[in-house]
Structures are given as C-alpha cells and as structure tokens.
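You will see chain A twice below: alongside chain B first, and alongside chain C after that.
And then the complex of A and B:
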C-alpha cells in the first residue's frame, strides 16, 4: 500500500510539473510578460529555460501575481472565492450520491421491469440536459412562477454574515447574530436550485453506473454463494454486492468531481454564485490575464490532486489492486 | 427415512416465445449419509436440478415438482423466505469455479465468520476458533495465514477448500457439490473428491456429487444417477451400474473412459456416441437418446418411462429388461 501511495505521489508531482509547462507556454502568448512579483520581474531575461525555472520557483513560493483590476494577490483572491465553489460542489456531489446510489440499486434489483426502464430513461434525459437551460427552467418555475425559492446568490441580503471559513452553511451557524439559525435556513434555500442544476448530470451518471455495476455483481457466482449460505437479502445487496459495485462507482465519482469543477463555471453564472467560476469569467471579461493564469493553474492543480486521491481510494476499495506489488 | 426425496422436478427457462424445458420430471432419492453421484454431459440439466433443489434458480427459471422432501419437510409447501432459511440450515452447495464463488472484496476470515455467525456461531472468539477448525478440517496447513488472505491470493484448489469449509460452516445434512473439480488440476481433483467423501462419511451427511467425469464417481459413490438431456436415464447402485449398465447411454459413457495398463488395447480408439446432445428446443420424438443410440429399435420412437428393474434400480429404456434377460442367458 505504501508503494502505491508513493507512486501516486510521484505521479502528482509529474502532473503538476507538466501543468506548469502548459501554463508557462500559454503565458508566453500574453501581450506583456507574466509578472508574479517585483522580484520575479527582475529575473525575466531572454532565456526561455531560465525564465521557466524562475517561474516555477516563484509559483512554489506562493507568488502568483497581483490582479490587474483589484490589485490583490491572485492566490488570496482564489481562497476568498474558492469556499463558495467547494461548498456548492460538495453538496452537489453528496446530492448526486445520496440519490444516485439507491436509485441505481433499485433499478438493478428490478432489472428490465418498468421501474428500471423509467429510471434508465429519466437518467438519459438528465444526462443530456444542457445545464444552462435546465437551470433557467428551474429558476423560472420555482423562483419566478411559484416563488418558493430564491433566484440567485448565496444568502438573502438582509442577513449580514461575517465570512470566517467562507462556507456559508458553517458561517451562519458560527455567527453571533440573533438571526443565525434563520440565516442558515436561508442559505440552505439558496443552495437547493444550484445543487439540483449542478448535480443533475452526476446524478444521472451515478445512477447508471451503480445500476450496471450492481447488475454485474448480482449475477455473479459469489452472490449465489451468499444466497446459498442463507444470508438475508439486505445483507447480500448492501454488503456483498454493493461492496463489489463500489469499485467502478468510486472511479466514476473521481471523474465526475473533475467534470463538476468545470460545471460550476456555468452554474455559478446562472445563480450569481460568488465562486471561482464567477471570478474567472469576470477575469475573462476584464482581460485580467494574471488572475486568469492563476485561476487556471489552481483549478487544474485541483483536478490533478482529486484524480490522484481517487486513484488511491480505488486501490483501497479493490483488494486485488491493493495486494499488487 | 430419506434425507432427500425429489418427485417429478421440472425446470424450464422462460423466453419470449414460451417455456423451454431444461429438466424434465426428475425423481431422485437419497438416504441419510448416502453419497449419490449425478453424471451427465454438459448442458444435460444436472446443475439446474441442484440449483432448483437449493432454490437458487435465476428469476428467468421456473420450477415445478410434486414434492421436494428434505430431511422430513416438503420444500414445495413453504413460502419463499421460509424455504430459503430452511434450505440454508439443512443443505449447502459448492460450485464449479472456486475463484468466482468467493467474494473478491472480503477476506476469507470475514466470509467464514459471517457464515458461522449466521448459523449461530456464538461470540467473536468462538467464531474465530471455529473458522480455524474448519480450515484445518478441509486440509489447509496454515489456517491462521489463510484467514487473513483474499480469494485472489489463493490457488484454485485452496479456494475450493475454503468454499468447502464455508459450506461445512452451515452444518449441512446434505452437501451438494456441483462439478467441484472441473476448474482444478487433475492432481487436486482427487484430493478434493477424497476430502468431500471423507467429510461426508465423518459427519454422516449426505453428499450429492455432480460431475461429467464417470471415473470420479466409480470409487466414491453409493449410488449413481445418469442424466441425459434433462431426463434421468438410469438410477441405481454404483456397483450395479459399473458391472452391468442397463441403459445404452450409461454403457456409452463407461466405454468412453480411457483405460490404462492391462486393459488398454494398443491402437484402439476411445468409444464415442455419434452426434451431439440435442438442442433443448429440437428434441427427437420418443426416446431422447434415440437418434444417437447404437441399439435403437422401432419402439424407441415411443417415449420411454423410468421403470424399476428388480435387483437393479431404475432405467428409462424400452430395451432394458430385454438386455438384462439376454445377459442372464449369457451367464447361464
């Protein structure tokens, strides 16, 4: 197991290294040289290779440059906007998992019956739904027509919440204002529509993957053995079959997290969510290349880290991989 | 008192165009502690019969039977849940592919422990002792090491031993071994069969040994049932079948066993029946062996029934009594 973690760690380093090659290459296309700090500006010369290594050196010291618009450090800004994105993404993944796994298992149990067909066809629709359109439909129905949901942003403007952790759900509870609990509820209400919009595609994918993995597992010989041993039905499904089905499911979860991080860009725009997506889109409009460079680097690093973490998790879930030398 | 009495067990497969019969009115009896061999070609329905008795048929299968009496209770009169619980308490089954029939995601310890716990195994420490004992019983040398391992870390033979240990953890009165050695090396095969026979004799439990290898059955079984195309062709004591097989199919099976040593005739070819086992939806009229049978006569277009023959057993062949008479004449 330690050798696997070590190997994945090397892969991580290699991945990040390759990433900097790309971002450095792109920064060469900028009209002005990319300047991370005053000290960095002094090191810039004609040698591309020397520039590249200086670039890495300053990046690794946390010098990611200053935004041309706000004048603040790009890395600081990233950490201001990131919690909002992380909160939304995490809740969306949990939403997709909590709904997707049981739906997939239910469909597999009723394979080829009408329940299964209904679930499979619905997930196909969910999967093919363009989320910008889906988001607007939901806003139109629930926020504008029915008026049971807020239209946009993270919390109502009447609540004044001090950002401590950056996660609205936690900050509202930490707040010493008398309306802390009401603010928490309000923040939850604001989360509902974005979560559904962002979670629809992962939900469809998790349902389908769980269904096919469970069908595979349920038709296998070891399930027949478990039945012959007289084990209760629930135990066969939730322990023996699901444990094996988790191997493909975990892999897909990992892939979906990466997709979700990019999916937030659109969702955040629709719901005026003050996260990374909104921050980066604004940087694009304002031609704030330093911010764009930093945001790109941060998101790509995040995707690489998540993928490597999932790879380690896959090894943990699958005993066959765990024991491979 | 019989351990198992199955009367007219039929299994069919549901397709869009109707039911396809796989097992046709099979009747089998097993005494307490008896070892019964069931032999037949691949696809003859012998495994389906075993799965039907255990209640493990896939949802696309349908089974019917007058009764299946297991250790004094009729399974056909029970609800699905009662039946599953009762069968699990009385019978256990071992499958063909040991590697696949153990769950790849759980260690041997947890799979054994779960089985022991479910069959009333007591506290944690007791269960561990029991698991070690079981592994020791099935001839595993370092039970403590094997307990910590996963199925993919063990060889096929070891996995089959573990599967047997797991079956024994259910403390079955009847153990069904469905081609337990097909996926194993020849040297391991005899070890596994010997182990099964030894355990069955030691615990006075019944053993149903399903195989397509007649040679495996000859030394170890009390009685043999010969299955062809979903029908029981012959059901008699092992020595009767080996010394004077009444059914042409049984005879053909015995003739197709390679002979070594003195009995081997140099340059001779192994006997084989012409043709193949008929597809289940293209069965011949009358006797199902008919077109392939070397002794077929005009009357074989009538469907033969399973008939009792005195001092022998049961045979499904029109010619059986005739041939036994012929044999008597030849002896005199």
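And then the complex of A and C:
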C-alpha cells in the first residue's frame, strides 16, 4: 500500500516537473521574456539551467507575476475567480452523477430492451451536442422566450452580497442582509442553465460508463451466487453489483476534470459567469501572457493533482489493487 | 444426388474485412448515420456548385427568415444573416471548410501519433518514458485551454488554431498505438514469426500493423469528431477562423448577438455541427461494434 502511494507521489512530482519545464519553455518563447517580479528580472542571465531554477524558486514563493490588465498579482486573481468556477463545476458534476448513475443502472437492468436503447441513443445525442450551441438554445427558450430563468451572471444585480468564501450559495446564506434567503434562491436560479449546459457531456459519459460497468458486474459469477442465495433484488443491485461497478466509474469521474475545464471556458462565455474561463479568455483577447501563463500553470497542476488523487483513491477502494504487491 | 452442385460439403469462410462489413451493414442506425455523413461529405465536396451564391455576397434583405416563414423569400432558402448574406450558401461552404480542416488535423495528428506510439513501443525504456511523460502532460492540459494558449502565443487565425487542435489530438493516437503494439508483441503468432526469422521491419508491417488497425480506425473517427467540435469551439470563441470565413463556429459567434431578432441564424449553424458530430459518432460506434472491439 505505501509503495503505491510512494509511486503515485513520484508520478506527481514528475508530472509537475514536466509541467514547469513546459511552462518555462513557453515563457522563453514569449516575444518579451516573462518576468515574474523585479527581483526575478535581476536574476535572468545566459544560462538556461540557472534561469529555470530561479523561475522555480520564484514560482514556489508565490511570485507569479502581475496581470497586465489589472496590475494585480496573478495568483491572487486566480483565487478570486476560481471559487465561481469551482462552484459551477461541482454542481455540474453532482447533477451528472445524480442523473447519470440511476440512468446507467436502469439501462443495464433492461439491457437491449427499448428503455436501454432509448437511454443509449440519448447519451449519444448528448455526447454530440456542441455545448456553445446547446447553451444558446437553452437561453433562447427558457430565458428569452419563456422568461422562467435569468439570462446570465451569478446573481441578480439588485442583491448586494459580500464575497466571503467566493461561493455564491454559501455567501448568500452568510449574508446578514434581510434578503439573504431571496438572494440564495436567486443564485440557485442562476445556476440552473449553466449546470445543465456544463453537465450534459459528463452526464452522457457517466450514464454510458455506469451502464457498461453494471452490465459487466451483473453477468459475473458472484451475482449468480447472490441470486442463488435468494438475496433481495435491490440488495443485489445496490450493494453487490454497484459497489464493484464503482471502480471504473470513479476512474472516469477523475478524468472528467479536464473535460469540465474545457466546458467552463465556453459555458462562462455564454452566461457571462465571472470565473476562470472568463478570466483566461479576457487574457487571450488582450494578449495578457502573464495571466495566461499563471492560469495554465494553476489549472494544469490542479488537473495533475486531481488525477493522481483519483488514482490513489481507486487503489484504496479496490481490494484487488490494494493487496497487490 | 451425384449431379447435385453441392456434392462436397462446402463452407465459405468470410474474410475479416467482409465480416466487418456485414456486421456494419446489419446495424441500421450506424448505416443511416453513414449515409448522412456521406451526404454531408458530398455537399462539402461540391459546395461551389450546390451553394446558390457566394458566401460573402451581401444582399439588400438583411435578417430575412427562412423560406417557409410568411415573410421569407424563395431565393434565400434558409434566410439571410445580419449582413444580408445567404445563410444556406454560408452553411454549405462552412461544411467544406469544417470537414477540410478536420481531415487535415486528423491526418497530421494520426500520422505523428502513430509514429511516436510505434517508436515508444519498439524502442528502449528511456525513449518510451520521455515520450510517455510528454504525452501525459498534454493529456493533463484541458484541450481547449492548450489550444487557447497556443493561439495566444502565435496569434489567432485559422492555421494556428489548426496546429493547436492537432497537438491536442496526438496523445490519444500515441497511447492507442503503443498499447496495441505492446499487446500484440506478447502474442504467440508474433513469437512464431520471430522464430521463422522475420526481420523487425517485416514483423512490424506484416504482423503487428494489420492487427492494431481496428483500434486506430476507431480512434480516427473519435478524433475526427473532436476536431470538428474543437475547430468550431475555437471559432466560436473568436480564436479560430476569423469573421468573413463561413466557418460554422464563427457564424454562430457572429449571430450570438442577434439571437432574439434572428434566431434561425443561431439554430441552423448549430444544427449543422450537431448532425455532423452525431453522424460521425454513430459511425464510429458502429465501426467499433462491427470490429468487435471492447473498450
């Protein structure tokens, strides 16, 4: 067990090392070399290796440079914009799981019947949906035509909420304004459409993975034994088959983070959501390479860390891997 | 009995390819998706002859609804956009542009990816490790983010966006090729070939390559649909094809502002992207089932 954690830890270090090599390489390619701070500028010389170590030293001190748009520290800005993205992606993942798992299980139970075929073809439609178009269609129908949903942003402009945690749902509840509860409801309404848009592709993927993992699990010998023992049907499905099917599902959940970040870039543009996606796109349009460098580094480290964490988790929950030497 | 044409017991064993074709033809959904995809390809191929007008010509009637509406006009089948350009012509030319770019991207990504994958599987541990770590890194970067960074570095525009999408697609080909080759190398028929004294090159071209082809073909269809989507997404974000180009994503981003006044200029280009992606994905799915590959 410790050897697995050690191995994953080494992979993490190696991953972060290649990442910094890559971002360092990019920073060398910039039209004018990337300067993280005044102190960093003084250390730059002809030796690439020395420059690389200085670069790493300044990064680890939290000197990620100043945004060329706002003049603020890039790392500070990342933490200002990140909660909005984290809130949206977390809710989108929950949405995809809450719908995807039961749908996948239901499809697996009715394998090759019409219900299964309907679910599988719907997931293919969801998978083929260009989400920028899907977002615009939902806005056109629910916000502009029916008027039952807000068009964009995180909360109505009439509410004045002090950012404490950066998570709108928590901040509205913490607020001591008389309209705190109304603001919470309003923030929830603003979340509905972006969640659907961002969650559609993960929902399609989760449904398919759950279906195929459950089909594999249900056709195995231990399920036949459980049936022969006369266990109740629900118990076979939920505690025997699903527990074993969870391993591929957890792996796929971990892989979704990359898909979700690609999705937030587009979703945040459609819904004017003040998160990482909007921040980075603004940086591209204004060619603010310092912000872009910081954003790339932060997001890629996050993806690498989450992937390794999921790998460790899979090893922890899977007894077959846990006891392997 | 003696004159019966079937005197000896005969059975025809179908070749692998004909077995695949038969499997694919039995799958009605995949077959209809294939027909749709073929139609889209034909439209793309003969775009200049199918499109009634030049995609850049501006007419007097701006924001004209499609012909089936009361105030539509028959000469503009799908209406016109905010600048009075014929939407049908733009979409037809858009199909040509999107498919051409996507094919180009997939050709680049698959050839580089397969080359690196074979190199990784067949050469020593060090080269393998270096290639795999770099691919891990590219896989860890969200595809659109990587594309955006590349575009930001070398400037927006069609060619740069194309390179960005190609780079993003390479790691999948490397992984598929490498893993498939490693799996084949362990099999007995390869050992038999080695014992027969086959050279390394012959081993690779005659035994390994034909056997990894199914996985690669499925990956090509997946990559093709990703390429169409990512090129459109970059166009939508204003980083891919620039304004006058009739690229589907660019058309969508231009008409985003007119969504309430001219909803068809948003609905129709999206529908074109959607049906292209759906048919590619269905064909890919059908191919995977037909070649009896499990993922």
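Criterion: the second predicted complex is superposed on the first by the 325 of 325 C-alpha atoms of A that agree within 3 Å, B and C clash if a C-alpha of one lies under 4 Å from a C-alpha of the other, contacts with A are read in each partner's own complex, and residues count from 1 in each chain.
Going forward, a residue touches a chain if its C-beta (ideal position, glycine included) is under 8 Å from a C-beta of that chain, and two chains touch if they have at least 3 such contacts.
Please read these numbers as outputs of a predicted model, since none were measured by experiment.
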Superposition on chain A - do chain B and chain C clash or fit: fit
Which superposed partner A:220 touches (first chain B, second chain C, both, neither): first
Chain B versus chain C as contact partner of A:124, first or second or both or neither: second
First (chain B), second (chain C), both or neither touched by A:299: second
Three-chain overlay, vertex chain A: chain B-chain C angle, C-alpha, nearest 10 degrees: 80
More chain A residues in contact - chain B or chain C: C
Chain B versus chain C as contact partner of A:244, first or second or both or neither: first
First, second, both or neither for A:228, with chain B first and chain C second: first
Chain B versus chain C as contact partner of A:320, first or second or both or neither: first
Partner chain in contact with A:144 - chain B first, chain C second, else both or neither: second
Where chain B and chain C come nearest after superposition, their Cα distance in Å: 15
Footprint of chain A on chain B - complex, ascending: 54, 56, 58, 84-85, 87-89, 92-93, 95, 97, 100-107, 114-115, 118-119, 150, 152-153, 163, 166, 170
Residue ranges of chain A touching chain C (in the complex, touch as defined): 14-15, 18-19, 22, 26, 29-30, 121, 124-125, 127-130, 132-134, 136-137, 139-140, 144, 258-259, 261-262, 265-266, 269, 280-281, 283-285, 287, 289, 292, 295-296, 299-300, 303-304, 307
Sites on chain C touched by chain A in the complex: 29, 133-134, 136-137, 139-145, 148-149, 151-153, 225, 229, 232-233, 236-239, 249, 252, 256, 259-260, 263, 266-267, 269-270, 273-274, 277-278, 280-282, 285
Complex interface listing, chain A residues touching chain B: 219-222, 224-231, 240, 243-244, 247, 317-320, 323
